[in-house]
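Shared chain: chain A. Partners: chain B in the first complex, chain C in the second.
Showing the complex of A and B:
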């Protein structure tokens, strides 16, 4: 049971060859490129959703921030679709791997910080000291603000990893408990099954919310630096 | 949010003109001074650890 619980988080391979790259690339197949002025229903719905999301997400940004529109939309689509596909039984979820999430979080965060230092050096540096800080507290607050800046990419990555991993683990455990309880007490197994259904609904929400939170935080870091 | 237009309302003199927590320049200089101080501290601390033989002579 213990070995099976974490087996789904291991990088999958087929006949000795790693197929993680194929799994990571798969969500792009679900978003076909629009090739006509008026497209089919799937593409039209996707376009409508992307327009809705991008309008809401880019409203706070200025001209410079809006150059990141493609990056932010790709990010939310990728994380959202990967998380949702991971809810299929026996599938592998790339966003449960900390390495992958760090690979997304660190370059994006670094990009926003470097953009800020490059175009608004004075404001970016002044950000590390809140206005009105008493004189004796200045050095300590500068150190604290620097640490809180450096923690941001770690928090981004770990938040996504932990939420998705925890959800998958819970589904595994409660699913296993339901199966085990069938032979012992059907009523208890039924109650556990109801809990499993509610948890699965929650995990659908968490999959989309985590994608939104990741992208929103990157967007906020960008807004602070543009 | 502090900016060049709001900095004009503060009238500091002496060293407070360059090191304060109200104007943009003051905050930037405080941040640079703190980080510079920590960098210098680390440099001398690590520098003294590297050359124990020279210190003994």
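Showing the complex of A and C:
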């Protein structure tokens, strides 16, 4: 069972060729480019959603921060669509791989930090010491703030990986338990099935929420630094 | 039997069964040709089901079902062990 449980998280490859590249590129097929003023229904729905999200997400940024709009919107679209596609049966979710999430988190976080240091050096350094701290506490607090800054990309990546992986694992386990319980006691199997349904609803929400949280945090780091 | 139009330019439905091997061999198998075939297929599907005035949920759900089936075929080998065993 152990081998079967974690086998779905292995990167898929066909005869040694990594088709994980194809799976990572698949969500882009579901977002066609609009070519006219008034498009078909799929594109219109996506345009409306993107407008809604971008207005809310970019409201707190100043002119400099808004140059990141494309990056943030494509980030939330990518993570959201990849997580939602991973809820289909038998599919592979790229965001369960820590390597990919680190690859997304570290460059973005580093970008915000370097932007802050480059354009507003004093203010960025001043973030290491909150206002009004008592004098004896200052050295320790600077160390703590540095550590909390350096841990931000790790936290971003591990948060996304752990949430999605844990959700998928729970669905696998509870589904397996439901199947195994059918032969033993049908009512318990039914209760477990209800739990499975609730869990699936939660996973849909988690898929979207994780995308949102990731993007929101990146934009917050950006806001601090522009 | 010679036909009036050369075999190469005919569409698949118009090729006679006897000419089929020749027709297949004459298709363009260069990377550019294969890319062109994928592009033609994509736009054929897109313009028929999605890029219409009253597209429904069928257009995109067919794509998702095809994705599920593709992943199922790919993980068939690991799944065949998982049928009704007593111990997993």
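One rule holds in what follows: the second predicted complex is superposed on the first by the 226 of 226 C-alpha atoms of A that agree within 3 Å, B and C clash if a C-alpha of one lies under 4 Å from a C-alpha of the other, contacts with A are read in each partner's own complex, and residues count from 1 in each chain.
Criterion: a residue touches a chain if its C-beta (ideal position, glycine included) is under 8 Å from a C-beta of that chain, and two chains touch if they have at least 3 such contacts.
In this text the structure is predicted, and so the values were computed from the model without any measurement.
Visitor: Thinking of the overlay built on chain A, is A:59 touched by chain B (first), by chain C (second), by both, or by neither?
Guide: Once the two structures are laid over each other on A, A:59 reaches no partner at all.
Visitor: Going by the contact rule set out at the top, does A:37 touch chain B (first), chain C (second), both, or neither?
Guide: In the superposed model, A:37 contacts neither chain B nor chain C.
Visitor: Who does A:184 touch here: chain B (first), chain C (second), both, or neither?
Guide: Neither: A:184 stays clear of chain B and chain C.
Visitor: Check the residue A:147 against both partner chains and state whether it touches chain B (first), chain C (second), both, or neither.
Guide: neither
Visitor: For A:122, using the defined touch cut-off, is the partner it touches chain B, chain C, both, or neither? Pick first, second, both or neither.
Guide: In the superposition, A:122 touches chain B alone.
Visitor: Of the partners chain B and chain C, which touch A:88 in the superposed model: first, second, both, neither?
Guide: Second partner only.
Visitor: In their shared complex, at which residues does chain A touch chain B?
Guide: 122-123, 125-126, 128-135, 138-139, 142-143, 146
Visitor: Along chain B, where are the residues that touch chain A in the complex?
Guide: Its residues touching chain A are 2-3, 21-22, 24-25, 27-28, 30-32, 34-35, 37-38.
Visitor: Can you list the residues on chain C that touch chain A in the complex?
Guide: On the chain C side, the touching residues are 42, 46, 50-55, 59-60, 63-64, 67-68, 71-72, 74-75, 78, 81-82, 88.
Visitor: Can you name the residues of chain A that touch chain C in the complex?
Guide: Residues in contact with chain C: 1, 4, 7-8, 12, 14, 19, 26, 29-30, 32, 40-42, 85, 88-92, 176.
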